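Structure first, then comments.
Letters are used for the chains, namely A, B, C and D, taken in the order the chains are written, and counting of residues starts over at 1 for each.
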C-alpha cells in the first residue's frame, strides 16, 4: 500500500526527496517549495505523513522556505493546520526548543535527521564535497599528497577511505584507543588528536572534522607554508580564524556540504530515514 | 625508564611478545614457555609486570603452557608466588570465574585481551587468515567471486575491506540500520542478517562472523552447489554442522586465527594493550 | 654538479618548473614568464639547458608567452640567440613543422612532452581534474554511480582506478583483447569500444578518453536522461556536439587539465622528463 | 550455433575447461583425461575444434596426460587421427619444435596460451596464489608489511594492486621509465630493477617476477634477517639458490600457480582464448 506524503518547505534536497518518493510510487504533495506544483499549505498539511524541512526553521519563527519566492510561513500559522491523530509529522535537525513548542501544541515532531544511519549516509557526500573543494583549491594532485584527517568519526572514516582510494598518504587522528586501532586496521598512519603539536609540519592538506577549536595559533604556526585547511566542523568550526588569517593560512569553510553539493544523494538519505521511521512505527510503506 | 616484565606460560604468541618487549628495551623474564632461556617460575613471578597467557587457563586448573614440554603449572601453586603490592598482574581472556579466584587470593588480575583496541587489532590477522584459508580451499580466485560476509562487527569490517581490495564482489550483512549504512558507505552490497532467506543462492563463498547458529538447515539448503562456508564465529560456530554435513556443504572451521596464523602480529596487539594498561595506571613505560 | 637552466615563456606550469629546479639546487634563469625575476631573453638563451614552453608556440609565429603581460617573442627573433653547440634545447609538444624549422636553423629541439613517462604522469592530474569537474557538475555522489570510461589507455586506466577508489561502479571499454583482459584483472566491468550500442542506457556518467568522434547521435539517443558526459579527448573531442546539444545532453569539455588544474604536479612531470633527457645524453644532473 | 569440441589430455584445468564449454551449451568430448566419460581417442580427434593440453607435451614424445591413469599417448600416434581440413587444432604453450613437427604432418597447431589476454588473465590467479603462499609461510600479516615486487609486467602489476588492497606497503621495480611512471601513478614506491643494491634492507617480503638471476649473492646478503622471498619467475627462477641456502634465506618456489591453485579460473582464461581464436577465424561460437 502506498502512502500520501506532503513535503512542506525546504531546499533543493526536499525537491529531490519529493521525486524519489514519487519514483517509489507514493503520492507526494508539496507546499512552500516554490515549484509549479505546490498545493495550498492547508491541503498539504493534512497528509498522512508530513515532512518538514531540514532544518525546520532557521530563525525559530518561520518555516525554512528558501525556494518559496521570498514568501514566509510562520510556524504559528502551521500548527493549527495539522490534524494530528495518526498523522506522522517529521522534521530535520529539530532541536529541543522547537520540539517542545510542537509538543505544547499537542504535536509530536519526529526527527529524520537525528538518526545514526542518516548521519553515516551523509558522510559520503560530505567526504566527496570536501575532496572536490580541496581539488579545486589546490594546484597539485591529491595523489601522493600528505593529508591529515582530524577526527575519526563518521566523516573522518569515509574521508580517509576516499583519500586513500585517490592515492593520498593519509594520517588520521583520534582520541580513543579503539579508533586509533581502527585507523591502523584500515592502513593509515595515526596520531592522537590531543597530541598534534610537533607533528603538523609534514602535511600539505588538513581536513578538520572535530567541532572544537583545536587548530589554535600555537598549532597553526607549525604548518608548512601553503598547507591548506578544509574545515568540515559545524560553526564556529575548529580553526582559530583570526590566527589563520594573520598567518596567511588558507582555510576552506566546508559545512553543510551534502545539501549543497549532492542534494540528490542527501535526499536519498532522508528518504531512507523516513522509511525507517514509518517501519518502526508499524506503518505500511 | 624501562620495565621488568615476566611472561609466564602461553603459546607462540607469547614468545613473540617477549621478543617485542625486548626490542623496545625492556628486560623480559620468561617461565613455562619452553624456550632455553626460561627462568624458575618463582623468579619470574616477582617481576614488576607479570603477563599470564591467553587464555590464562584452558581447564581452570593449570596455567596454559602448551610449549612447556608437557609440564604443568597448577594455578594453586602460582598464587603464593606473586608478591602483590604494586605488581601489575595481567592475563588474557580471563573470565569471571578465574578473576574471582585471583581476587580471593587478594590478587587483581587485569585482562589485556578484553579491550576494544586489541579486538580490533586482532581483526586484521583474523581477516587475513580467513582469506588465506579460503584461497587454499578454493579452485577459483577470490577476484570476481561473489562473497557474503555475515555480520559487520570488527571482523566483518576488516574482512569486507580486504575482500574488496582483492577484487571480490562483497555483500555484507548487519542487523542495525547504522551498520547497514556503513556497509553502503564503504561500497558493498548489503543484506539484513535476519532476512537472509531467499538471498543466498548467488554466493560462492560465505564468511560467518556471528556467534549464533544462524546458518541452519533451511538456509543451508538455499546455497548453490559448491558454495564454501568459512566459519569464524567462536565455538560452537554459526553453522548447523549436521545439516551442512548431510547437505555436503564444505565448512572451514576458522577460529582462533590470529594466534595460529600470525602470532607475531597478534603479539604486537597484546604489547599495545599492555602498554595502554600501564599508561592508564600511570606507570612509566 | 648542478646545472644552469633557462625557462623561456610558458604558463603557470613553467613557473612551478622553475621553482622545482631551484629546489633541487639548480640555477634557473627565466624570461618571458612575466615574473619579477625575468632576465633579458638574450641572457636566458645562453643557458646550458634551455626549456621552451608547452606548447612552444600556439600560432607557429610567436613563442607561447601567456604570462608575459601581453608581449610577444617571435620565434624568428629567438633562433639567433641560441649558441648551439653543447647546449640542450627543449620544448614541449613541438610538432613536426616546428622541429623542422629549428633544424633548418641548425638547432636540435628535443621534446620533453613526447615521452611515455610524462604522458603517464600527466594522466594522474587529468584523472583528478576530470573527477573534480564531474563532482562539481553533478548533484549526486560518484559513490555508487554507474560510470563508463571509454578507452583504456593512460587516462582511462588511472581514471578507472580513481573512480573505483571513490566507490563508483566502473565499466571501462577497450578495443584490444589484452586491454579488455586488463580491465577484468583490475575488477571493472568491460565493454568493447566498438560495440557500445545497446549498452549505454544504464550509465549516469560517461568519461570519454578516445580522440575519435565515437559518441555520435545514434549512441547519444541511447543515454538515460541526465547522463553527464565528460570529454577528455583532445579537440575536436569524441562527442558529436550538435547532436548532444539538440538532445540536451550535458557535455563537459575537459581538455588540457593538468596544466590548468594541477600545474605544480604537471611541472613535476616535466622536470622528470628533463632529467631523463639529460641523463640519456650523459649530462650530469 | 554451438560447436563440437574435443579436449584431449591435460590436467585439472582441462577438466574445468570441459565443464565451462558445456555450461555454454557446446558439446564436448574428452579423451585421455581420465574421467569416466572419456571417449576413444579416435572419436575425439575428429571434433571440429580439438584442444590439446597445456603444455601439449612435457617430453616431446607423449601427450601431456597426467590424469590418464598412467597411460601414455605418443604424439606420433595422434597425427594420423586428425582429419585436418577445416578442423581447428589448438594447444597450449606449444613451442617452436612441436609446432614444426605438426606442420610437417600438414597440421596447423594454434597456441591458445601464447596470447596476451590469457597471460594477463593468468596474472590474477598467479598473484592470489603468491599471496596465499606468502600468508601461509609468514607469522605476520601482509597488512603493514613492507613488500618489494621485482618487475612490473603482468604479474607485477596485478600483484602490487592486490598487496596494496591488503594494506601492505608496496614498492615495485621496473627498468623502463614508463613502467616507473605507472608504478608512481598507482601510488606505490618505485625502484629501478637494475639499481636494487643498497635498497633491500627495509623489506620483509620480496616477490620476484623477473626470469633473470637477479637476486644474486651480493644482493641476498643485504636482506634483513627473516625476509622471505617468493620466486614467481619461471625456472630456473631469479634467485641464486645456493647463496640463498647458505645465507639461510627462505625462498618459496611459486611457479605454475594458476593451474595448481586456481584451475577453474585458469580454465576460464583458456576458454576466453579459444573463443577469441575461433572468432578471429570467423568461426561461429
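As a working rule, a contact is a pair of C-beta atoms (placed from the backbone, for glycine too) under 8 Å apart; a residue touches a chain by one contact, two chains touch by 3 or more.
Computed from a prediction, not measured in an experiment: that's the story for all the values here.
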item	value
Chain pair with the higher count of C-beta pairs in contact (B-D, A-D)	B-D
Greatest separation from chain C - chain, by CA centre	B
Separation of chain B from chain D, taking each centre as the mean of its C-alpha atoms, in whole Å	36
Length of the line joining the C-alpha centres of chain A and chain D, rounded to whole Å	50
Set of chain A residues in contact with two or more other chains	124, 143, 167, 184-186
Touching residues on chain C, where the partner in the complex is chain D	115-118, 120-121, 123-124, 157-158, 161, 177-178, 180-182, 184-186, 272, 276
Parts of chain D lying in touch with chain B, wherever the complex brings them together	12, 16, 124-125, 128-129, 131-132, 135-136, 138-143, 162, 164-167, 261-265
Partner chain B, residues of chain C touching it in the complex	143-144, 167, 184-187
